[in-house]
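Read from first to last, the chains carry the letters A, B, C, D, E and F; within each, the first residue is number 1.
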Amino acid sequence: MDITTITIFILAVFVGFEIITKVPPTLHTPLMSGSNAISGIAIIGAILATTVQGNIGMWLGFIAVIFAMINVVGGFMVTDRMLKMFKRK
Amino acid sequence: MIDFLYLISAICFIYGLKMLSHPKTARNGNIIASLGMLIAIIATVSLGTNLDLKMIGIAMLIGAIIGGFFATKVEMTQMPQLVAIFNGFGGGASALVASSEFLKYGADSSMFLIISITLSVLVGTLTLTGSFIAFGKLQGLISTKPITFPGQQIFNALLAITMFTAAYFIPTYGINAFYIIVILSGLLGILLVIPIGGADMPVVISLLNSYSGIAAAMTGFVLVNSQPSAGNALIICGSLVGASGMILTQIMCKGMNRSLANVIFGAVGGEVEASSGEGKEVNIKSYSTEEAAMIFDAAEKIIVVPGYGLAVAQAQHAVREVAEFLEDKGKTVLYAIHPVAGRMPGHMNVLLAEANISYEQLKDLDEINPEFEDCDVAIVLGANDVVNPAARSDQNSPIYGMPILNVDKARTVIINKRTMNTGFAGVQNELFGYENSIMVFGDAKDMLIKLLSDLKEL
Amino acid sequence: MIIGILKETKDNELRVAATPDVVKNLIKLDHSVVVEKSAGEGSFISDENFKDAGADLLDSSNDVCSQADIIFSVNSLSSEQLKQIKKNSTIVSFFQIKDEIQQISDYTNNNLSLISMSHVPRTTLAQNMDALSSQSNIAGYKATIIGADHITKYMPLLMTAAGTIKPAKVLILGAGVAGLAAIANAKRMGAQVYAFDVRPVVKEQVESLGAKFVEVESESSEGVGEGGYAKEVSEEYKKKQGELIKDTIKDMDIVISTALIPERPAPILIDKDMVNSMQPGSAIIDLAAINGGNCELTECDKVIMHNNITIDGRSYLPSTMPNDASKLYSKNLFNLFKHIYNKDNPLNLEDEITNGSMLINQGKVNNQMLQEFLDKDNS
Amino acid sequence: MIIGILKETKDNELRVAATPDVVKNLIKLDHSVVVEKSAGEGSFISDENFKDAGADLLDSSNDVCSQADIIFSVNSLSSEQLKQIKKNSTIVSFFQIKDEIQQISDYTNNNLSLISMSHVPRTTLAQNMDALSSQSNIAGYKATIIGADHITKYMPLLMTAAGTIKPAKVLILGAGVAGLAAIANAKRMGAQVYAFDVRPVVKEQVESLGAKFVEVESESSEGVGEGGYAKEVSEEYKKKQGELIKDTIKDMDIVISTALIPERPAPILIDKDMVNSMQPGSAIIDLAAINGGNCELTECDKVIMHNNITIDGRSYLPSTMPNDASKLYSKNLFNLFKHIYNKDNPLNLEDEITNGSMLINQGKVNNQMLQEFLDKDNS
Amino acid sequence: MIDFLYLISAICFIYGLKMLSHPKTARNGNIIASLGMLIAIIATVSLGTNLDLKMIGIAMLIGAIIGGFFATKVEMTQMPQLVAIFNGFGGGASALVASSEFLKYGADSSMFLIISITLSVLVGTLTLTGSFIAFGKLQGLISTKPITFPGQQIFNALLAITMFTAAYFIPTYGINAFYIIVILSGLLGILLVIPIGGADMPVVISLLNSYSGIAAAMTGFVLVNSQPSAGNALIICGSLVGASGMILTQIMCKGMNRSLANVIFGAVGGEVEASSGEGKEVNIKSYSTEEAAMIFDAAEKIIVVPGYGLAVAQAQHAVREVAEFLEDKGKTVLYAIHPVAGRMPGHMNVLLAEANISYEQLKDLDEINPEFEDCDVAIVLGANDVVNPAARSDQNSPIYGMPILNVDKARTVIINKRTMNTGFAGVQNELFGYENSIMVFGDAKDMLIKLLSDLKEL
Amino acid sequence: MDITTITIFILAVFVGFEIITKVPPTLHTPLMSGSNAISGIAIIGAILATTVQGNIGMWLGFIAVIFAMINVVGGFMVTDRMLKMFKRK
């Protein structure tokens, strides 16, 4: 356990708390969806997990990559689709 | 170098989220965030040693295809459940990574690692199952009614305690204790979402979204020793999403005038009237003033249709304020005065003159009706009979034949009244259910005051 | 059809039943129009105007009566005119049942049809034919103007170097169409406005104009009659109401009373004592004068002074604004005519509006109320 | 001092120079007050009211004149009354120089003092003594009311089932105190209001009331005279102005003219042709009537019809609101009295207000203009 | 453990700053921030090895006494210069620390260290000298006029280039090159501030404040290798202050309707009218609507005094809107109608009736004058003569003796008009210069609209 | 040079940028003054600098402590004084 890690964690939490202040309701769903896609960052871990020695671990990683990728690709695409709607007809 | 890539991707996420919360920049924000993700993936692939790139490629392809397929094919109305299920996968991924790490180090890892892994698995799995339940509820596979049983809270608490005990015994019992944690977290996820009503699902999804961020951050803690830079990246992005998701959840609750606790534990309070337009019982769309404000923001030509309700609410000054604000933004605002609006001849004239609305802006039926066709928004304020299309089409209606204001020809019609009650003639108005109609309920004056402040906040 | 427009004969009547605009529209519908000379004089419409619109000008009322298939007028015809009228022809006018009973034989014997502007049902659909509304609105509006003229004070609040002038207080009794118009205009002019009515629904309407509603406590639907009209109220209610008005009226500078009950004498709301309790220099405008008045002292069509209080009983206020009054009345009349004599299904007595406004159909009484009156008369 | 209040003798005059409130205040200042019987009748003030306030009631005007040291009145006294008046006494009234010239010998011979309400300087300080303002304000206000009564139309815009009624157009000529009041009230009533004046400063004031200012292009200070009053303008300006009014007036429903130049006949702004160009049913209210009128056809104190246009030349509009008019006038008068007869330095002719309003001081002419007139008369 | 203390102190600073930017929490924010500082100092003292605690204690005592003395003794009006000089000391401290580190490692430190030290010394010294110049200007020791000479910008650029060259040669020439940097940075600080006018000083101080944060952060980079946790703490806090100071500077510039670049390089543009109330040439205080809004926020009883200007601006509806907003906040609002306000009898009545302001709220002179004494704010809208106290006191004034509205009796008087021009009577109004008077210039309608939106933003 | 240091730096900058959004003008000076006091955090470095071997370095540290302390103490106190004024009379 490293103090810098915790520091980074806390600072990131602060940034997270502060960047979202006022969001018009129409953006609630897109924002949720977009930030949801970002939480697919777990893909980093998933990719690295595939190198784990044991077979099970590797396969877990494999599935994790699929899961995370669904989250990332689906998330960003669906967000974009929603946001496209707001353009003036 | 790779470290820097992670840093850049984190910055992309920060900016992406920031931009996503403003209507004008939202779309670019999403693109920037996805760019950040791309950078992170590239960094990881070049960082990893001994990676089976083919396998990873296949997995990514599968995931991308599934995600992309659903994202493009699913209907607009089903978006919320889609977001829910995507979110579940994200949480699942975190849990899987943490599990895989557990398998690597086994039971005799450091305390810090065990705690991290436990939390990651706990939150990740909970997100996974919870999201699936949310999906089921929204998709109608599971009853949207809150499902409760006596002692539910206590049971949940017991579950949590059991899990932490299991975590405590990991060093002793190893993998078995771990299994218990996985299973119980999954159960907890289900139990947490099941008692929440359908109308509150958006809030729940937002909360679960925040959880999936937390899970990712926890996974970061798991990884940070073996892969410091990737771990840090996960921590930053995960906590970013976790925190901002929490704020968003709070904002959403505030918008519904409820506390988060009330949403989560308030199942006994019963359903609130479906106010987000997803309810299928009534085929009207009820919007908040904030949403209405967004629509006005995009409009250029606006026609105000005052009715008796405006007079009852004594909202003549409020409407002028809103109109003046919109005019200052360069929009055109006209008033459509129906000859029999109100309860006496010239009622609307008396009303609007009092608010000093210039005579030039007032248009009578014949002048204004052709204008609706190229108007972006018609806002109907406490009028009912005078905009009832039944007068044109329904031979059996008592008002059949009366000339009406053709508000339905406008691109969007925003209708403000307090309830779904009828007007003077006592007939229902099918306009309210039209495709391009939006209801904003409330007293006209209150609503206009709120609308104005929302317009100013955009 | 040949449509005839007469010069009105009633005292103080300056309106005319059709304006040149309406004449034009009638001609567009393939009717021809005959107009009595100087029929529009009171409303400042010259004979040329009518000619330009396409009407034929006739010298006398007799000529018009003998030529026209259907006669438009504001007031019912004089007995002389009735004598000249063609058999089977139709008259559209502001008929009052109690006035027409006298002449009923003239109507039935000649197989006349009577379409009454005062009996157009008050439905949403009929609003553009509702001359009662358009003329009451004028009366209510004008009542405040003459009220402001009568009183010896300012209407609005003024804070000046020579002292503060308190706003005039205006009480409106009966908040129907005329009452609401009076409220609206009195508010505009800066007065403090109070209103009273037996129908509790009116409260919201009064408040929607920014005035205060003076309320009698009672079961809520006491005074509500059919079709949005009022009905007579119980004795107990009357007492409460009397006290309320008594308390209120003594501070008032203008009282405008419009309370009516269909086909009944107007309720007496203001008795002599109440008048005496008012401040000298105040005024009562009694728009119910023609039905006996809401004030005990009202004399119809006269402006009297009682104890330094002006009591204005002029029943012809719409006629004092002949320009707009004729315009609105003739538009209403034209709309009704177009509705009844439409191409697809003319004179359809199934139709609510046609049926409602048809007092007598080719000599046959078509109105229940009229029939009842006749029956009573005969017995 | 003994202060005398007379019953006004002039036709149509209903005001009284002191209300019971003012009487009370005078008595508080240790004066005594004698009031002619029924002096307050026109303003609905009974003799009892005066008595209650502490005044002594006297039976005849003669009694009052012979007892009072200072007489308050609205209009200057009749020659009979003047005969009865005590030597060395003072009269406070609305004196007009040109009217007083006839009686100048009565004043000087008896060593009378004349304090003129019409000559109180228009300074900020004197505003609470400025009866010209308070009474003009009434006139302007009332002019719109009677205008609205005269015309045969609605004032405001109304969109009704029977058609849309366009708002009346009102033109105000001369935007002094009366003109501004007329603008304000016409705006309130919902009309479209236009105003014209020779003094360009007025533009901002007109616009501050929400009306449109009709402008003659010219050098900016053409019509600006002394003390905020207007002066006569050049021929060229007059021509331009004439055309402008001509163009404007034909669309107007009400014209209210208030243009005055101190001690000169009122400028003729509306000639016969212009009147003829107006719509039948319109009205002209000429508040300058007493000075000859701004309209060629105006007859002072009469309401005439010309070519279906009402021309109202009543000069006594304030008297039609005797209640408020008396209240304001007597307050103004009292304020002036208090200013001139203050304890510290009474009758100080150094003081701008005292000096300005003192027409004749104990038989000596104290007003330049009056002196000039007299000199002209004598030569 | 000590690491945690630093983290806590950083969190204190973050919260402290956040709270400082809201009126209601500002004071507590300051306390929390100072608590953070205490924690940081304790942590450092327990962290350091070989500390001469006595010496440190003496130094701290000296500093505390000097700082405390000036902070308590100096007059309120001299606050800005005090802040400037304190800020200079902060910058100086950073520069000294960096220098001391340089002396420790000498010229042969790592590249990273040399860069860090150079930047730290550069920014720190510049802040020191710049702040002193700012102090001098505000205190009137140096001309508040912008002092410029031809080619100033170019000269400054040359200075900067020389310094970086010197930094580059540190490994070669060692301490001498370092001296050059110190001296030139000092010079640069002077030259950067000298050309800026007195009215812009607050912005400059804010900018220098941001610099001192940056200097601290750079010092953190210098320290981070030898003292990682202390270094990190410096980096976090320094960059926090640097960034937030930058934002604050920007906000202040925006408030003055100027860009930062314009403030710094705009010396040629000359002085703007002293709009922050520090100017001594005129003895009126001109406030922005935002500041006026703050005053209203704290008030409970408000009296509106309309005058002719309100009518000219046709601001009757705007004033009602503001009043209604204040009433909704639970405040009492009354209107004081002077009998001769405006240009015709009853002008204000006509005006306010049009805006539908209820008759009950209108009070005439006699009713309202006693009320001013316990009223928090009297706002005078385009009135002048009717509130001129000369009518009470100045026998020579043409309006002497006229009863006026005693607005000067109110706790605060806010006066809105467009210029310092006189009213109808043509006399100057001494009220405008009263201790409790505040001017808010502008057209009444524009000003009220702006005020309303500022009120809503509080 | 460490990447985590830079990360921390950048995150802290973000937090700094985000926490200040809207500040009413009356708070400009107090906020400036308060954050100025925080920049006296250099005192940490100053304290540690006093341990530097060489005499000059130590004395530099000594002066630095004084300077920083003036900034810190003076800054917080003057801010508090300013803020006290805002209380309702």
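By definition in this document, a contact is a pair of C-beta atoms (placed from the backbone, for glycine too) under 8 Å apart; a residue touches a chain by one contact, two chains touch by 3 or more.
On a predicted model such as this, the values are computed, not experimentally measured, just so you know.
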Figure out the least number of contact steps between chain A and chain D, where 1 means they touch directly.
2
Chains touching both chain D and chain F, listed by label:
B, E
More Cb-Cb contact pairs, comparing B-F against D-E, go to D-E
Cα centroid separation, chain B vs chain E, in Å, comes to 40
Please report how many Å separate the Cα centroid of chain A from that of chain F, as a whole number.
35
Mind checking the centre-to-centre distance between chain A and chain C? Centres are C-alpha means, answer in whole Å.
74
How many angstrom lie between the centres of chain A and chain B, each centre taken as the mean Cα position?
17
Of all residues in chain F, the ones touching two or more other chains
4, 7-8, 11-12, 14-15, 19, 21
Can you list the chain E residues in contact with two or more other chains?
10, 14, 232, 236, 339-340, 345-346, 350, 353-354, 356
Per-residue multi-chain contacts in chain D, two or more chains
127-128, 133-134, 137, 156, 158, 160-163, 165, 188, 190, 210
What topology does the chain contact graph adopt: line, ring, star, complete, or other?
other
Which pairs of chains touch each other in this structure?
A-B, A-E, A-F, B-C, B-D, B-E, B-F, C-D, C-E, D-E, E-F
Please name which positions on chain F make contact with chain B in the complex.
3-4, 6-7, 10-11, 14
In the complex formed with chain B, which residues of chain A make contact?
1-2, 5, 8-9, 12-17, 19-54, 56-58, 60-86, 88-89
Chain E to chain B touching residues, read off their complex
317, 320-321, 354-356, 453, 456
Listed in rising order, the residues of chain A that touch chain F in the complex are 4, 7-8, 11-12, 14-15, 18-19, 21
In the complex with chain F, residue positions of chain E that touch it
10, 13-14, 16-18, 20-23, 26-27, 29-31, 33-34, 36-37, 40-41, 43-45, 47-52, 55-56, 59-60, 62-64, 66-68, 70-72, 74, 76, 79-80, 82-83, 86-87, 89-94, 96-101, 103-104, 110, 112, 202, 205-206, 209, 212-213, 215-217, 219-224, 227, 230-248, 251-252, 255, 288, 290-291, 293-294, 298, 411, 457-458
